[in-house]
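Below are two complexes that have chain A in common, paired first with chain B and then with chain C.
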Partner chain A sequence: MSKFQFPESIKSRPVYGTLEPRPGKAHLLIADAEGAEAILDLAAQDADLIAKAHIIFIPKGTDYSDKLRALNPAQYYEGPSYEASLQRLRHVLAHAHQGLQVYLTGTEGLMGQAQNEAMQAGIPHTAIQTEHRGSVARRMQCVHCKGITEDVMHDPFQCAHCGLHLFVRDHYSRRLAAFQGVRVDAEDPGNIPDPVELYS
Partner chain B sequence: MTIQFNEETFRDDYSFRNSEWAIKRFPFPFHEDSYMYSVNMEQHRGGPEGSVYEKRFDVDEHYVSEMRDRAMVLADDPLRCQSLPHMTLAGWDTLELIMVSKSEDYPDLFELHRDGDRWRWINKPMGIDHTFTFLDETTLPCDPLEYITRQAQGDFAVLDQRDEMLYMDAGMITTQADWSLDFDIGMDFFEWHAPVPLAHEMGIFKRALKFLLNIQQGAPARRLNWTMTVNPLLDTSPENYHKWGVQKTTLTPENIGSKQHLRVELQTFYRLPRSNALLFPIRCYLIAFQDLVSMPKWGRRLHRVIRDLPEELATYKGFIDNRPMMLDYLSKFDDGLPTSPGVFPDLESEPPLQK
Partner chain C sequence: MSAAPQKAKPGAEQIPVTVSAVVPLNDLVTRFEFKRTDGAPFPTFSGGAHTVVTMQDDGRTRLNPYSLMSDPADTSTYAISVRRDDQGRGGSLFMHTRVKVGDEMTLTYPVNLFSLDLRARKHLFFAGGIGITPFMSMIAQLERMNGHWELHYAVRTEALGTYVDELRYKFPNKVHVYYDDQNDAIPLESLLDGQPLGTNAYVCGPKGMIDWVHATAAASGWPDAQVHSEEFMAPQPGAPFEVRLCKSDKTIKVGENESLLEAMEREGVEAPFLCRGGACGQCETDVVSYDGEFVHRDHWLDDDQHASGQKIMPCVSRFVGKSLELDR
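Moving on to the complex of A and B:
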């Protein structure tokens, strides 16, 4: 089961939908891990779309590659990490024609970062769809040292950069594609609650 | 009147003090003995002589020291002042509004001489005499928003308006009540207010947005907001919360009168002429409890407000743990007598403390 229903939250927290085929000359599909399942679902609805699609997939240890290749997309790229695929993504966005449809699916960190790139490239937000699949891990920014910690699964967690113990806020910056982490024991140094898995 | 500028600090030894003049004109935010959120807007067209509402951009005895503190914050963290690329024109609008207002409202302190687009700006308290070309960034040492807000007290958020929405697209934020411009820049009105409890459900932000979208040139508005700060610390930023948060635990019954400060924001809203952006100055005033209670009406009222404040608000404003100690202190200044309506201290008509 790769779908998770996020509980209602504050207004800066992103909400995600379900990918649906849209008419267009070109389609850019970006996914990580279980996001592949959303692409397979999309392909089942509209095989013609996939024939005009460029898929960028970051497996993160999953084994969806063969299934995605078997869809016969116009272009297919598999990257070892989001960072590794970024130059290709920017190239594709920079050379995109009007009417490109963008589909983002997988973890929040992947969707947030790719959406940011697409917006900066001038893709209208109405041409970008998102669907969350897989891990509920968050990409967190430490508000103190500004360092990003990827794939945070517990609250509180330890900043990968400055080492402070941070609590996981729902406040989200689209520009940073990150949630905000704030020192949990600022008013009582050393009193760090036991970490709890997100949404457990 | 000529202002005597204080030599004082807002960090380390905290030598900040309010003179008797500053105490009397403090913008006490409670017009009645209780508090709840409201869209408490009014026109910003002056106010009683000598009050903080009288001038467009109030200058007080803390001006020079506050600007020194801002420079220190910016040296540590330049990201406190940012402008998205489309906001430069709004920065020039801001520079013009502040220079024109200050030179007209305080001609003994500030002068602006305009010869076409050649402008000469004289800021006597800060020792600045600078000639530049209006709308030419290359003639300023930094971008226009940063240039002028390094010379104006209070934070400045610059809100772009498009699609019936306001966006936090630029700002100079160094005296904030625990929010981060670097994190929030680019957010829409509802997003940057997302962490505020209760007010969304009450429809406060929808009504406030509607009001703000319709602010016209030459018709600025204002409102007050408030929170609590231990020590007269201007930079209560989330960036530095890991350093200042612990100061909240240093309150004792003995030092609370001098350490605990009511922090009031005089928020004003100006439509800018060229960019159609909305300038949102957020001016912070601090007052120690012991100075505040020297006005009998304010002592009575603050006790009642803090006592009856909903728990969510005391938590959000960050003083839930210290509230019992605050109430112990403030109750000594509440004799149960009725208070006159309105925010002003009414020293002549309000009875002295009866206990």
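Moving on to the complex of A and C:
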């Protein structure tokens, strides 16, 4: 099961939908891990769309590659990590035209960062489709040292940069594509609750 | 949503002006230029803004919105270009036949419901006929900031090509004109195809043209947020009807050739407004009770609100039926 229903939260928290085929001159599909399943679902609805699609996939140890290749998209690229795929993503966006539809699916960190790139290339965020699949791990920014910690699964967690223990907030920055982590023991130094797995 | 509720007042602040020039451009369109009567500079505005002109027409007050088409940075003069509509309600005829250099009139402060999105990588303008006016000020604004734009302008005939010569002379590589009488149509589909990512499209013209651009852009995968349009509608005549205004404790009659908003103003009821064309939302009014059918004509309320019978935009919408009571 790759779908997770996030509980309702503050307005800042991103809300994800379900990918649907939309008219477009070109289609850019970006997914990591279980996000591949959302692409397969989309392809089942509209095979013509996939024929015009460029798929960028980051497997993160999953084995969806063969299934995605079998869809026969116009272009298929597989990257070992988001960071490694970024050059390609920026190149694609720099040469894209109006009428490009962007579909993002998989983890929040991937969708947030790719959405940010698409926004900077000139696509309004309201026009970018997203669908969450797979891990609920978060990309967190430490509001104190500004360092980003990827794949945070526990609350509180320790900042990978400055070592502070941070409370996982739903307060989100679209610009940073990260949730905000705030020192959990600021008022009572040393009083750090036991970490609990997110949404457990 | 902003925390403070907007203070609803009738219209934007007024500026007393003196007509400084009346320039006929062709058979249908005349430009009117204004200076402030007090000699002070006008406020600057942003390209696409409009002003509401007050006309004193033999005891009848007419308030018509027109796009400001002068250079937004020119604080010495405001200019509008008015197309004469012989079948219209008389505002444009009043401007054409009665307004002379030296006349004193009032304009409102500029209000912009059709502004440039300055995040756009490129601005693609589609104008039909008198719909050219907001683009005149947008182009002046963009030229000052070295903006990237192009204009596709459809006119009926060469003789009715308002500002065509001026635009072509100044911007020969950016302005493209299409003549209806030569069966020359804007090649919309191919123009929308291949534009750089982040291009914004703007359309001002007849309703059919606006719908055409929105529909074609949507079918080509353009985000809604990047297709902008402006259409001011003049209120349409209709059967007279009676309205109870409960806050003012008045029952008024709306005549065949006046809008509900105009009838309220005639009766001295202070009703908020800005655009008077169904676009801005300022005059939105709650319905207390009704027995009959609404004739909604605005672009502000959505279909559900239109169907709910709880809101009406008195600047353009009407009512047919037994009774209507409004919270005004």
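What to note about this one:
Basically, the second predicted complex is superposed on the first by the 199 of 200 C-alpha atoms of A that agree within 3 Å, B and C clash if a C-alpha of one lies under 4 Å from a C-alpha of the other, contacts with A are read in each partner's own complex, and residues count from 1 in each chain.
Keep this in mind: a residue touches a chain if its C-beta (ideal position, glycine included) is under 8 Å from a C-beta of that chain, and two chains touch if they have at least 3 such contacts.
Please read these numbers as outputs of a predicted model, since none were measured by experiment.
Residue contacts after overlaying the shared chain place A:Pro21 against neither chain B nor chain C. In the superposed pair of complexes, A:Ala121 makes contact with chain C only, with no contact to chain B.
In the superposition on chain A, A:Val182 makes contact with chain B only, not with chain C. Of the two partner chains placed by superposition, A:Pro195 touches none, neither chain B nor chain C.
Contacts of A:Gly147 after superposition: neither chain B nor chain C is touched.
Which of chain B and chain C touches more residues of chain A: that partner is B. Partner chain A is touched in their complex by these residues of chain C: 119-121, 192-199, 218-226.
Residue ranges of chain A in contact with chain C, taken from their complex: 22-26, 93, 96-101, 121-124, 126-127. Residues of chain B touching chain A in their complex: 79, 180, 182-187, 190-195, 200, 238-242, 245-246, 248-249, 321.
The touching residues of chain A, when paired with chain B in their complex, are 10-13, 141, 143-144, 146, 164, 169-171, 173-176, 180, 182-183, 186-189.
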